[in-house]
Structures are given as C-alpha cells and as structure tokens.
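Below is a structure I'd like to ask you about.
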Amino acid sequence: QSSTMIQPRFMRVRSALFRESMAEFLGTFVLLLFGCSAAAQVKTSRETKGQFLSVNMSFSVGVMSAMYLTKGISGAHLNPAVTLSFCVLGQVPWSRLVPYSLSQILGAYTASALVYFVYYDAIMEFSGGVLTVYGANETASIFATYPSEYLSLSASFLDQVVGTGTLLLCILCLGEKRNTPAPEQLVPAIVAAIVLGISMSMSGNCGAAINPARDLGPRLFSLTAGWGTEVFTCYNYWFWVPVVAPLVGAVLGTLIYLIFIEWQLPDHPPEDPHTESSFSNKPIPSVTWDSKEELKEASQQI
Amino acid sequence: QSSTMIQPRFMRVRSALFRESMAEFLGTFVLLLFGCSAAAQVKTSRETKGQFLSVNMSFSVGVMSAMYLTKGISGAHLNPAVTLSFCVLGQVPWSRLVPYSLSQILGAYTASALVYFVYYDAIMEFSGGVLTVYGANETASIFATYPSEYLSLSASFLDQVVGTGTLLLCILCLGEKRNTPAPEQLVPAIVAAIVLGISMSMSGNCGAAINPARDLGPRLFSLTAGWGTEVFTCYNYWFWVPVVAPLVGAVLGTLIYLIFIEWQLPDHPPEDPHTESSFSNKPIPSVTWDSKEELKEASQQI
Amino acid sequence: QSSTMIQPRFMRVRSALFRESMAEFLGTFVLLLFGCSAAAQVKTSRETKGQFLSVNMSFSVGVMSAMYLTKGISGAHLNPAVTLSFCVLGQVPWSRLVPYSLSQILGAYTASALVYFVYYDAIMEFSGGVLTVYGANETASIFATYPSEYLSLSASFLDQVVGTGTLLLCILCLGEKRNTPAPEQLVPAIVAAIVLGISMSMSGNCGAAINPARDLGPRLFSLTAGWGTEVFTCYNYWFWVPVVAPLVGAVLGTLIYLIFIEWQLPDHPPEDPHTESSFSNKPIPSVTWDSKEELKEASQQI
Amino acid sequence: QSSTMIQPRFMRVRSALFRESMAEFLGTFVLLLFGCSAAAQVKTSRETKGQFLSVNMSFSVGVMSAMYLTKGISGAHLNPAVTLSFCVLGQVPWSRLVPYSLSQILGAYTASALVYFVYYDAIMEFSGGVLTVYGANETASIFATYPSEYLSLSASFLDQVVGTGTLLLCILCLGEKRNTPAPEQLVPAIVAAIVLGISMSMSGNCGAAINPARDLGPRLFSLTAGWGTEVFTCYNYWFWVPVVAPLVGAVLGTLIYLIFIEWQLPDHPPEDPHTESSFSNKPIPSVTWDSKEELKEASQQI
C-alpha cells in the first residue's frame, strides 16, 4: 500500500519525449531558481548578503543539483546550446532539439517568476518600486544578462562564443573512457566547477549567459512582469546575442574538442585487455557523455 | 583489554529509538555549533574575520560533518522537515517524528548555549553588554533568524516554503539508483553543497532557516540567556514562520520530486541486466535515501 | 639503472620510528608552509591579495596536501592533540607520542623559517622594520596565534577545548565502516573541509590553533627571529593555552564520539553478509581511522 | 555514417609526439584562458566583478579542466617545470622536454591573444587606451606576472623555487599506490585544490607563476600586442626569474619528495596479498603519476 502510493504506475507519463521535456523543464527551473535568487539577494542587499562570487557559486550549485535531478531522464542538458552539440555529435536525435529548448526556456521563465514573488518586497524596497533596466537602482539584471556600456557588438558576440565554446570543450571529455574520465557519479559536481570557473572569468563583459534558455526565459519574464519592452530593445536590441552566439560557440567548442582530443585518442580505453589487437573491426563507441544516454535512446525506439 | 575499553558492550543503549535520538541530538548540535559560531565570529568581529559567505560555508561544513557522524545511526535528518518528508514517503515510521524533532531542537539549543559561552566575551564587547534584537549592535541574529524590515508575512512564508522545497527536491534524488545517484560515500558532501547554494541564494529575506529545529532551538536559548521575550514577540510574533513553513515546503518539494522525477523513472536501474524483462512482477524499491535505512528499520522490528 | 636511481634501497631509513617522524616533520612543514604563507600574504598586502577567508582556505589545502603526502607512512596526525587521541584509543603506541610531537613542532618551526625568508622583504616593508606583537603593524600573528584584547583566560581555554574537540569528533567517524564512512581515498579532502569549517567559525577569539605544534613551533621561531620574548610573555604568558587546551579538547571530543557514536554502532558493518548472526564471538575491530594504520603498526613489530 | 563523422580514422595524427604536443598546447591554452580571463575581469571591473580570490579559483578550475581534457593523451603537464621533473624521474623521455615546453608556451600565448580580443573593449576603457606596465591603470599584469616594488631579486628567486617545489612535492604523491593515493579519476580536482592553495598563499611577492610557460607565453603576447619591450626590461629584466626559478624549484621539490616519502615507502602497496613476501626480486614500479603514462609510453615505442 505504501509502495503503491510512492510508485503509482499510472502516474508515469507514457511519452518518453514528454517525460524528458518535464525533466529539462525542472532542471532548468532549478538552475535558474538558485542563480536568479542569488542575483536578487546580492543586488537587493547591496552586497551585504553576498557578493559577485556568491552569484557565480549559486549558479554552480544549481547546475550540480539540476544534473543529479534529471541526468538519468533527459541527460540534463539544461541549455539549448548543449542539446545542439549533442545533436551535432549524433548522441541525441535532432527531433529533440526544439522540444528540449522550449522546455528549458519555460523552466527558466517559471523560475524567474518564482524568484520574483519570493523577492518581490526586496525588489520593491531596493528599486523604490520603479522597475528599470538602466541606472544604479536597476533590477533587470537579476533576471537576464546585459552588456557593459563600453562593449561593442562584435566583442559581445565573441565573448559568448568563447564562453560557450569553453563550456563544451571542457565537459565533452568528462565521460570519455579512452581519455581520463571523471568519476561517473561526480560528473555533476565537476561540470558545476567548470561553470563556476567560466562565471568567474568570462562574465566581465556581459554576464556569461552561455545558454540561450538561461537568458531568454528570464528576459521574457521580466518583459511580462513590468520591466517593459526595454529589456529587449535596450543596447540596440542586444538580446539576440546570448541567444545566437552560444549556439555558434557550442558547435565550435565541440569541433575543437573533436580535432584536438577525441580524434586523437586510441581506439580502445587502456583498461581494455584487447587494446593491442589491431584487427578489431567492430564499430567503436565514440563521444560518450553518458552511457545511459544510449540505453535510453535505444529504449525510446521501442 | 584495549578493545574492551573502546567497545564496551554495556555502553550500548538498548533502545534503538534512544540511540537514534542521541544521534539526531549530536548531529544537530554539530550543525549549529559550526553555524552559530561562524555567525558569532563574523558579527562580533564586524566582518573582519569572515563575511556573510563564511557563515553560509560553515553551516555547509556543519551539515557534512553531522551527516558523516550520524547517518549510519539515525539517517542524519538534522531537521524536522526532513524527518516529516521521510515519514510521508514511508521511509521512516511516523512514531519517529516527534522524538527526532525534539532531539534536533534540543541539540540546536545545546549548541547555542556552547556558542554563547565560547563567544561570551566577544558578544559582550560587541553589544556593550546589552543583548538586543533590534539595532546596529543586535546579537540575537547570531542564534535564530529574523526577517528583513521590508518583508511581508506572506512573502516570508513563501520564502521558507521555497527554500525547504528546494532542499528536499535536490536531496531526494541523490540516492536513487534508477536515476544518476551521487556516490553513496559522498552524499554528505553533496548535500552540504546544496545547503550552501540555498544559503547563498535564499537567505536574503529572512535568513534561510529551512529547518524548524535550527531556528526554534537557538531562539529558545536566546530567550533563556537574556535576550528576553522579544525574540519571540518581535516582528509581530514572526517566529512561527520558520517553524511551520519548512514543514509545508518539505512536503511540497517531495511531491514535486515524485511527480517530475521519481514516478517517471524506469522500473529498474539501467545497470540491471534484466531491464528489458517486462514480465517482472516483484515489488520495486522506491525512493531510497539510503539503503542502510531499510536495513536499520528492519532490524529495529526485531 | 633509472629505477635504481629512483628507488635506491640503501636510502630507506631502517628505523620505522625515524621514517614516521620524518613524515610527521614534512607533513606539519607543508601544513604551516601553506598556512603561514597565506597569513603573510594577506597581512603584508593589507588584504589586497586575499582576505581572512584565504588564510582559512590555505590551511585547509595544507591539511589535505600533508595528509596525501604522509598518511601512508605515519598516519598524518600533524598535531600532537591528534596523536594523543590515537594513543588514548589504543591505535598508536604511547611511545610514539613524544617523538611525533617533537617532529611536528620542528616541522612547524622550519616552515615558519622558510615563510620568513620568502616574505622577508614584505614583512620589512609592512612593519617598517620593527617586528612587534602589538599594534596595527604587528607581524607576529603571521606565525603564532594571539588572543583578542577582550578575551578572558577561561574563555580562551574553553575556545581551544571546543575547537579541538570538534575536530576530533568530526574526523574520528570518517573511517568507521559500521557507520557511513567517507571514501577512503578522499579522507584528506574531507578532513580539510572540516578544518576549514573550524577555521571559519571558531577562530574569532584567538585564532583557532587547535594544535600545539602549529602554535608552539612558529612561536619559537618568532622568538628566535627577532620578535623577542614578548611572543611568550604577552597577554600574561597566554602561549600555554593553545598548547595545553587542545590536548584536553581532543580527549574530550574523542570521548563524546565514543559515547554518542562508536559505542552505539552495530557490531558489524551493514555490508557484512553475517550481520544477523548474533552468535559471533570474534573480537570486533573498533575505531578505525585507517585500516593501513594497523597493518603498519603490525609490520613495525617485526 | 554518423560514427564515421565522429571518429574519422584519417583525422588521427600519426605522430605520437605531435598528438601529445597538440594536447599540451590545448591544455595550457585552457589553463590560461580561465586564468587570464579572470585577471582581466577582476582588473577591468576594478574588483566589482570578482576579487583576488576569483583569479586564484579560476586558475584552479583551469588546471582541473585542462587535466581532464589532456591527461589521457600527454599526461597534462601544462608546465615545463613539471615536464622537467618527470624527465628527471625517468617517467617521460628527455626528448619530450623541448617540444612539450614549446607547445605549452604557444598555448599560453594563444590563450592570451584570445583573452585580449574578448576583453579588448574593457582593457581600453580601463586603461584609457594606454597599455602600460606601471601605475594604477597598468594592464600588463593581466597576462604575465610582475614583482612587488619592495622585492629583492634573490627573494623573488626563492619565492618561485619554494612555490614550484611545493607544487611538485604535493602532486607527486597523489598516484603512489604504496602511500595513500588520491582517487585516480579525481586527481585533476585534487591538483586544482593544491594549485589554489599555492595561489592564495605564495602569490604575495610576485604572482605565483610557478610555471615558465604560464609566464613567458603571455609576456611574449603582451610584447607583441602593444605593451612594448618594458614587459621584458622592467624591474631590471626580472622576466627570467619565473622562467628559470620554477625549473630549479621543481627539481628540488622532487628531490625532497623522493628523500622524505618515496624512498621510505614499503616495496609493495598494502593491498598486495604478497606484501610480506620478502624474497620478491621483480623490479618495483616507482613514482607513478599515472599508470596510463607507462602504457602510453610503451605503445609509442611500437
């Protein structure tokens, strides 16, 4: 009876795509819940309850938590740029790209809304009730990212390409058995550390979105919640940069990974007793983010 | 002879409930010893010996240490809201709820007393000997949490619901073999990182108690130690919020976890060679925080 | 030939005690090298190159590094209070207590001397060439710990008892198979996190020495290096507190661990298939910091 | 077809030396990309988007990421001083020393160039368009390290010897099975923590380069990018110190490791069931950074 309550068969969503989309929704929700809450706390407390570093660290914890929560169901991409890379690598079917991306954007939007309600009083107190994009009392940057005044368009595009490229370059190697893989059960923590590193070093120009969903979802929310159309029109319609550039950067980072590392690895992991057998013709599993991924994909065809 | 001294059979408490209550007492004691000491150090040194972040990090180390210390005996709940969730999930018998909670509150109370004695001189120096709840020299916040001036009651309730819900959502998945579990021996460190994330991002409004024992125990201590009844009456008897709202939040977070993750997982972990066997009728182990938990519970029936 | 250079048999010290003492010397040297360097860097840069937190974190990295370096040889106590606890527990022969302690003090002294030479120019620049114990330009606290002005003797004694007791309480459980042990190969990192927690929360009063060697070695160095006898006479000969109180605290923390945890654990670890066999009479291995410890001890009798 | 795209055999570089040099290039590129980006972010934001600590932490994440990325191919030395030590230990053939070092310097140079382009607008804004080595608006220290004004030449040489010696002393033990090794799959994270510790404690004098490539590559870049010859001539041609002293320090640190630890360890790891067999004559594997290293080296002879 108790176990029936806990695992009711009829509650399982039949569509694998829908189950995975729910997971991507929840994972991106958790990521942004941590990240935007920290941004709200640091901003509205005028850095008395945290600093720039705590926002970086909170996003990092959000990545780790979201990955433990959803990696077994959807792979925990949490980022359309990551999904795109896996599609390019042939690890995830292209049909997943749009539903995953929409779920991620929706998760980010929903988290922004919850952060808004939790920190509503603090935001009103801090801003004097005027929700703006510019000025010392601006609060729009709690949600979406905005460029520094001095930043040219091309530099901000390059910034997002490099940031997202670094992300993919550094995470694609973590599951590769032929290289020096991270412990499978600690991949979420390692990825979190990498995201922390990127946040601390590549957010100086325009906030290190490196994730179209992380930026577009909260920006859409701030549009609907009272910050006005300026969230999209400001800085000469800059909003498209953290949407488009991460996609370019992810593919570039993936390509650099393939050229420098993946294609240079031996055919078999060193543990394999048949490493020296040069007559092996069986197809070799290549980039493996997670072996469960393939299992899952295979089972979805049934 | 030496081993007799170290493991005297007669020193083992016969009642499993009492042994577990001792563990919950000690674990919550350790959690608050780290956390309140750090709050005292940062407050009384006027942030010259640490900052807001060090308080967050000390609570996090406290969680980790307390879990390594007591998880094998009582499960290391350290928090009535966590115990309640496990009761709801059928993992812990309902008869444990009250004794565990009382032990946790008592552990928090005792730790507060010890912190008070260790930092007595510093508190007197800082406060000029006047123990108050309000003002620049207040010291009550070393022990219990208090809301920001601007915060409405409903927002503070929502804040505690969301914080505790996030905690449960993020920790319930860590032991689930059918998902991507954390390394069993590193669960205390991962939970500590999650608590750090919540402390850095969801403590802006009212201090992220997310734990009735962590808040009520120290508040009771500060009542008896000279801060007066104001610790309970201030902010219009606000003290009940971090006692009640975490319980609501924990159950809500558990429910969201079940709906989005637990109920969507396959019946067997992917490692199981019989994964594809669709005729299996044997009951499936569900939410498993820790497999030792069941073993322990089973052995307690004897 | 190459392997002869790398592993020359004749270079192995024949006396196990001397090998272990060398390890304790080197380990405590590394601990203090990290810790005092960080203190010198933060102090002489007037907090522009680090803050209080970086000193805490550097001591923590020092603990981890020293443990990986020497745990396989001497157990990596790095602290006479830890050695004393293991003697009390019967894990380490009492004959080790004095040689280990002297090696630890000597290692701390030597590290202080090296830090002094590396930061000589910076210390002279900062202090204007006057090495003092008091005042805004004091530099003695780079090496040993000193109490806050407001602190009473009894409070500082309690402070060191509680800090060291917490250390022992939290680390003794990490290797206990019948509880929830930390991963054996990550014990140095977990201990480092615990030391970080203590440094962040229990150093407000008098610097969290919690280690007679960590305090006495550097204090002796600063005596010989030009700070004068004031390093011992100041604050009414306070220097004995971080030498004596940690020993008391370590034994107390060990006792609390035994009473609340060790003596309450089941006879066998849960993994043991014979857990339910209640007729087992064989002696049970008790507190196990590290199973290699016993192996080592055993082999030393030969 | 898909797997052909991902693992095209013809893309594998035939020369093992060239593959490894590519890996050292990419690894050092990633290390400097994280590190110099963080330095640029903290400097140009005038510490509003990070502090000294975030630069330390970013270099640390860079080390970890670069090691996961390249350790399986080249051993992830990322530092000529580390390569030199492995040559001295007989783990890496001497013929690798120059190609590895040049690849590392080139990787550091390339990363500096990318950081310059990403932060070009910020650097121009911060410096007013004048790229200088001295003064409050200097930006040369984003790339290479420079000594403090007060520092004597001999002290800066000692500083770099001690820093690099500490690095080697602390990392050489991590893979030694006869001691207490770190988890093989977490060595990159442990090394990252050690590098963080050194950066926080031994960078007060002259920036803790402890790596000729990390310093020379970016210095060459800043020479070519407009900072002028002063980057080499300043402080009386100081630039050679972080190039030469780390090499001396690495060999000294290695020697101390051998004398105090390596040569004192038992012949076999404790796990070995034949530990007590004193008649074994087979050659004993000594310092093992990574067992894959030997496999790789062996396979390269074919």
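For reference, chains read A, B, C and D in written order, and residue numbers begin at 1 within each chain.
The rule we apply is simple: a residue touches a chain if its C-beta (ideal position, glycine included) is under 8 Å from a C-beta of that chain, and two chains touch if they have at least 3 such contacts.
Please read these numbers as outputs of a predicted model, since none were measured by experiment.
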Same-residue or different-residue interface between subunit A and subunit D, half as cut-off: different
Where subunit A and subunit C are represented by their mean Cα positions, the distance between them in whole Å: 40
Distance from subunit B to subunit A - Cα centre to Cα centre, in angstrom: 29
Residue list for subunit B, restricted to those that touch at least two other chains: 51, 53, 183, 186
Chains that touch, pairwise: A-B, A-D, B-C, C-D
Complex interface listing, subunit C residues touching subunit B: 51-53, 56, 89-90, 148, 150-152, 155, 158-159, 162, 166, 169-170, 173-174, 176, 178-183, 186, 190, 193-194, 196-198, 200-205, 256-266, 270, 275, 283-284, 286-287
Complex contact set, residues of subunit A against subunit B: 2-3, 5-8, 11-13, 19, 22-23, 25-26, 30, 33-35, 37-38, 40-42, 44-45, 48-51, 53-54, 57-58, 60-62, 64-65, 67-73, 76, 114, 117-122, 124-125, 183, 185-186, 188-189, 192, 290, 292, 295-296, 299
